[in-house]
Amino acid sequence: MSDEKRTQETEEQRRKRISGYGMGGVDTVMSVDAVAKEAERIAANAPKEEDLLHLAGGEAFLSIEKLRAGYGRMEILHEFDLRIGKGQSLCLIGPNGAGKSTVLHSIFGFTNIFAGVVRIGEKDVTHMKPNQKLLEAGVAYILQDNSVFPDMTVEENLWMGGFLKNRPEEAREAAEKVFEKYPRLAARRKQPARVLSGGERRLLEISRALVMQPEVLLVDEPSIGLEPRFIDMVFEILEDLQKTEGKTIIMVEQNAKKGLEFADIGYVLVSGQLAKAGPGDELLEDPDVGRLFLGG
Amino acid sequence: MNRRLANVIAILALGVIGILGPWLFPAHLSQFSKLWLFIVLALTWDLLGGQTGYNSFGNVVFFGIGMYAAAVTQVGLYYPVAAYTAAKGGGTEFVFDVAQFYTGLAVGLPVGGIMAALAAAALGMVILGMRGHYFAIATLGLAIAAGELAAGWEYIGAGSGMVTPTPPDTIDTTLLFYYLSFALAAVTFGFLAWLYSTRFGLAINAIRDDEDKAEAMGHHTTRNKVITWTISAFFLGIAGGIFGNLSKFIDPIDVAFNGAEVGVWMILMAILGGKGTLWGPVIGAAVFYVTKELFWTYLLGWQRVALGALIVIIVVFFPQGIVGWLKERWPERFGPSKEEMEAADAKGGA
Amino acid sequence: ECVITMGAAVSLTGKYSTNGTHTKNGYNLALKVINDKGGVKVGDKTCKLAVKYYDDESTPARGAELAERLIKQDGVKFMLGPYSSGLTKAIAPVTEKYKVPMVEANGASRSLFTKGYKYLFAVLSTSEQYLASAVALAAENAEKMGKKPNQITLALAIENDPFSQDIRAGVMDDAKKYGMKIVVDDKLPKELNDMTSTLTKVRALRPDVLVVSGHAKGAATATRQIAEMKIDIPMVAMTHCDSAKIIKKFGKAAEYTLCASQWAPTLKYSDEVFGSAMDFAKLFEKTYGYMPPYQAAESAAAVLVYADAFQRAGSTDPQKVRDALAATDLMTFYGKVKFDETGKNIAKPMVLYQVLNGKYVVVAPSKWAEAQAVIPRPKWSERK
Amino acid sequence: MTQPLLDVCNVSKAFGGVIANRNISLKVNRGQIVGLIGPNGSGKTTLFNSIVGYHPIDDGEIWFKGEEISRYRVGRIARLGLLRTFQQTRIYGRMTCMENMLISLPERESSFLDLLKSRHSAGIQRAKDLLEFVGLYSKRYHYAGDLSFGQQKLLEFAMALINEPEMLLLDEPTAGINPTLINGLIDRLKRANEELGITLLVIEHNMRVIMNLAEHIYCLAHGEMLAEGSPEEIRNDQRVIDAYLGAH
Amino acid sequence: MDNLNLLIQAPILNVQLLLDGLWIGAIFALAAFGMALVWGVMNIINVAQGEFVMLGGFITLMVMEAGLSPLLGIPAAAIVLFVLGWLLYRVIIWRIVDADMFISLLATFGISIMMQQLMNEIFGSDVRTAESGLGMFYLFDNMVTVSQIKVLAFVLAFAIGLALWLFLKRSRLGQAIRATSQNPRAARILGIDTDRVYAATYAINAALCGAAGALVVMAYSIHPYVGLPYTVRSFMIVIMAGLGNLGGVIAAGLGLGAAEQFAGFLLGAEYQLAFVFLLLVVVLVWRQMVLARRRQYLK
């Protein structure tokens, strides 16, 4: 669907697409409480399981069922459900502190899970240790904060991406491919990663996460701190991954316009619960969502 | 139950136990004197370590300085100190009558506290600029160097140590030092309770959590740290002065600047009870001290193995300390209550 | 059943625990022998002896508290001494305060006997005497070293603790008496296990006598490093040779070392309880599996002194026992015991061994000497 | 015209070989809201750090309120009334949100003894109001360290506002904040500027924010000042488009 | 100042002092390697460092008592301590790696006093030594003496330092260790079993200390309470060298050893320690003043 649309896009349409954070007015001023009240109203007819499954194209590749998870003894996610089909992309949006990052954390095993199941393919991965997630479930995670190894060279950082490969040469070959693709990184391959600028770092993190050819990609706020052109670039990379390599992508994004425009499926999370779900483009047009979460 | 009431009851109970001590446990008085002093050690360590976030291995320096300063004053008021220590700490010609002994204490203990505080202020200005581990290591270096220097200084008896003035027969020193220790613990606790309730308490907490931020917000961070350490050293110095008199013999390394034991214990007690809380050090000191004494009575020869095991168990299973653990386990009972939080709002309002 | 319980805080753990154990073994052996022989006659009763122990963890900070605990909580009326002068210093004020007699065997510091304590009695020779005979020996043998006594130079390497520092004070006084000069005066740190920097200085300054005192550690480290660095000095005198087991551990390297000792099994003292010094040594070895160092012997002697005092006092009243103790005049396997008014034993001299052919041979004082001291020591290059 | 509140004259700063700022000049008048934009790594944060005294500058001068502050340390500059927030958020993690707010109340002129007074005051009410505004009222007794990324950002913002400095430097205040709330923040900033006269210098990558907020914008690139002007001028400046904005 | 004159008049003494300083410094460095690793990778300050050294010494004594050459004690101690380190990690340390560094400090302090007393109960508090069977070099007419075991220690410290460096740079485990030390969370998302990395790091540290202990008992002496000085010096060396700088550790170790010897010679043994620790404080204060002038960069 959105696939075709984009390939047929004219030059003019491309220009109109949202770049960076986009522009627009700032007139819709709502208090946090008002947003919360309205969100509650929307959440009253939260999507049902069938709707979610339908959005996922009928068959879920990754599913989260009735998940209750949090930090310490505090529960953040309450009975949270998520379905995504193979090769789809999903964007989570919502107010600050809604629990978006917590969803990704839970998939990877960084939270306390009180109840519920996380399934990937046929496998129940709810209680798998984080370091097994990549090898056994094929999940790669691009963290919200910095995750390069600052004192290793760019090259070594990429090799680390292939740490789980049996032969080190495979990792090196994969790294070479990345360098071919991104000359920006190739130029700096022998320098320690700490000297990279923010955008290059993000690039490195993303390409490193791909060395092991994961099935599922978790991306937490890719556009934080990036200049507009880099944001566009990152989304192009993600698009490429989804379209040409068929990866499944779950992303969290406060730059919600950009995120929803990109994603096949959009979920709105409020107070640890799913409030709304729908195709990305649809949510983007939805007046409620626009007013409450996209800033008008 | 109302938590504020519970607090008051706990304080009253401790006060009554403290005052009635000589009737409640007459045979264990000197052990309890040490318990009160240990509470002071834990409380003062926590002031910098727990509340300000500066973990010091060197607080024992102020303990030692207080101990020596008090003893030297007690002697020096009446006799030349060098002669006293040259006779290897006392002798038949060095007798203290009742008035001299009391005067010596009355002057010596405050002097101990003041000297320690001065030392803290001076040292603090130099090394409190260091952050994190560097500060910890610098204080460790100071603690070791202080012991070695004292052991080389003939005026205070060098490696032979120094005997504190022998009290005249008529004074019941056990009782005297018991009440002194208790009073010191009570005053220290009260003072810190008040200090933590002021805006200053928040200011040092801010240093603990993010010193750069505090500085960027315009706080006088260095001044506040130095003041904190000075206060801590003052009480610690007095505790040292009392401890020296309780131990009767001051060995530079084994008693005064005993970083490997007393120096570590004060940290341990604070952490055991709950770092950065008011009651934590008190509870920690009591639990630690009593356990230590029990081990040491009933597990003779193995008491340190047991103590080591206990330490490991404590820090592994109660990393937030007893108070922290209680708060997490029963937040509704031990966490901040509604009234308390509203009351807390009051502090720091400018 | 009459039992007299004495109290003792000894070092069962910590850095003095070896010697603390010797002390405890000495006390226990004496108790056992006395009790096996029926006990002590006190007036018309016969009483067994017992000891209540606490561990002072080798730190003086505990001493006073323990003494108080023994006296006030456990109701002990008689105290035996701890190991080390530091601990004794911490405990003596307490026993004095409660007027409880203490007979001690391991606190040699002379400063203990300048304070006018009335309840403190020490069976051992005080620290300033430890190396007095070594200095005297140096003066006697000055000619052999090609000098006058007042030209002799000394190097001191002495640990920085109360006991060792008292030994140092004694040596300094004696040296002054002879007009000897001290060229090295290093105080060794408590944690020492390397004294090469001191020895380098010694090699450069070539003194006639090197005096080392630093408990067992000091003796072991010095013996080994003097040999390794082949430092030639005419006389080397130490303390604690036997507790460091230098002969067994270092063999040839230990040869010709002079060692100060409170006591030796070869001495010809004897008493009714243990028999001769050698008998004591054999019994001790049979019981505990090792030859008694002097720390054990003097501790056993302390118990004998108490037994004697109980008997003479005919009572277990501390005051009476104290008076009886003050009047002690007793011969034991350990030597004669007679206290002066300050409480120290003035009837027993120190002895000086020399390691000759892998054995300790008494070389001073001359009354007990088994052989003539070899001075100067052969140079390392001349040894086989 | 009166002298500018903040006057940065020809400031340069290099880290080893990397020249982070070269000959930067910038002026902010009292009561103005000024924006600072530029690609990643162009030296914006470095300039902030130079201004508030985190490191010495290699060359140039910085004046604040007619006083040269290029040699002052952080604390002193802050007490002059020049405050900043951090790109990587900094809050007091083990203090509650409320305590975070209370300790941020203005303290510039207070002596040690002032710190020891504990009295009720309007400060508490202001703290509560601000927390409510950023949506953290219900979390006011939670440890600040347990907040989500965006909530911490909001708390830091509230802390800066309650301090009422004369001038506030904001380093990407809206990164990671929900777009609707961003609108509220902008509104609040404008009001703070108008009502309290707080002068603002803001770093932002979000054009929607900066174009609507700032009255004057500076653009850095490769450590040098590339362009300056009104939002409209900047938006249409070809150099800025090439170096930063990309196809718009 | 007499002592200073002595050094000027008899320059050969400098050689002896320097060499003696280097030997002991090499052993310090050996123990400090491990501390630097554990500190850098696990963010743990291991206070039981000196006790590992002490255990290494006792293991060597046991090897000797079994009738073997004590030189075999070096590998034996390393192996036994590696296993012990691994076990300690599995039982205790893993629970505290993520906690505040101070927690680790206390936990390892607990371990250290347990070990001290256990060894005291088992072996007694006697001072013990082992004879390596290696001889001495005598140079300059016996004015400079060099014990061969100390030379061995010196060479070994260098060799181990080099091997460690290569291991970290080249081997798979080494890479995992480096990655974990720089960013444990990132390491975890790349599939590195950080738990095993930590266990290995801690075990390697123990093994290094064990080897150092074997050398200590042959070159110096050992008793159950000998550990603290080694712990404290490891601390100092790591601080001076900076984390993750193995070359710096060797340099700082040797420098510290030499400084101690000269201090002991010039000021008398009683001020040796005080001098060295005051020097440490001075170094820190100086570093602080330099840093204060160019403050840490903050984002």
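Letters A, B, C, D and E name the chains as they come in the text, with residue numbers starting at 1 for each one.
As a working rule, a contact is a pair of C-beta atoms (placed from the backbone, for glycine too) under 8 Å apart; a residue touches a chain by one contact, two chains touch by 3 or more.
Everything numeric here is computed off the predicted structure, so don't read it as measured data.
Visitor: Out of curiosity, which chains are bumping into both chain A and chain B?
Guide: Both-contact set = D, E.
Visitor: If you tally contacting C-beta pairs, which pair wins, C-E or A-D?
Guide: Contact tally favours A-D.
Visitor: Taking each chain's centre as the mean of its C-alpha atoms, which one ends up farthest from the centre of chain B?
Guide: A
Visitor: Cα centroid separation between chain C and chain D, in whole Å?
Guide: From the centre of chain C to the centre of chain D is 75 Å.
Visitor: Let me have the rounded angstrom distance from the C-alpha centre of chain A over to the C-alpha centre of chain C, please.
Guide: 78
Visitor: Centroid from C-alpha atoms only, then distance chain B to chain E, rounded to Å. What do you get?
Guide: One centre to the other, that is 32 Å.
Visitor: With chain centres defined as C-alpha means, what is the inter-centre distance between chain A and chain E in Å?
Guide: Centre-to-centre distance between chain A and chain E: 46 Å.
Visitor: In chain B, what residues contact two or more other chains?
Guide: In chain B, residues 148, 151-152, 159, 212, 301, 303-304 touch at least two other chains, as defined above.
Visitor: Using the touch definition from the top, which residues of chain D touch two or more other chains?
Guide: Only 74, 86-87 qualify.
Visitor: Multi-chain contacts only, two chains or more: what residues does chain A have there?
Guide: none
Visitor: Show me the residue ranges of chain E that touch chain B in the complex, using the header's touch definition.
Guide: 45, 92, 95-96, 99-103, 106-107, 109-118, 121, 228, 232, 235-236, 239, 270-271, 273-274, 277-278, 280-281, 284-285, 287-288, 292, 296, 298
Visitor: Show which residues of chain E lie in contact with chain A when the two form their complex.
Guide: Result: residues 172, 175-176, 178-179, 182-183, 185-195, 244 of chain E touch chain A.
Visitor: Contact residues on chain B for chain E in the complex?
Guide: Going by the criterion above, the answer is residues 55, 126-127, 129-130, 133-134, 137-138, 140-142, 144-145, 148-149, 151-152, 159, 212, 260, 264, 267-268, 271, 301-305, 307-312, 315-316, 319.
Visitor: Spell out the residues on chain C that touch chain E in their complex, using ranges where they run on.
Guide: Touching chain E from chain C are residues 13-18, 21, 157, 160, 185-189, 191-198, 200-201, 203-205, 216-217, 220-221, 224, 228-230, 244-245, 249, 381.
Visitor: Within the complex, which stretch of chain C touches chain B?
Guide: Contact set of chain C toward chain B: 12-13, 53-55, 57-61, 63-65, 68-69, 72-73, 86, 89-90, 93-94, 96-97, 109-111, 114-116, 159-162, 164-166, 187, 189-190.
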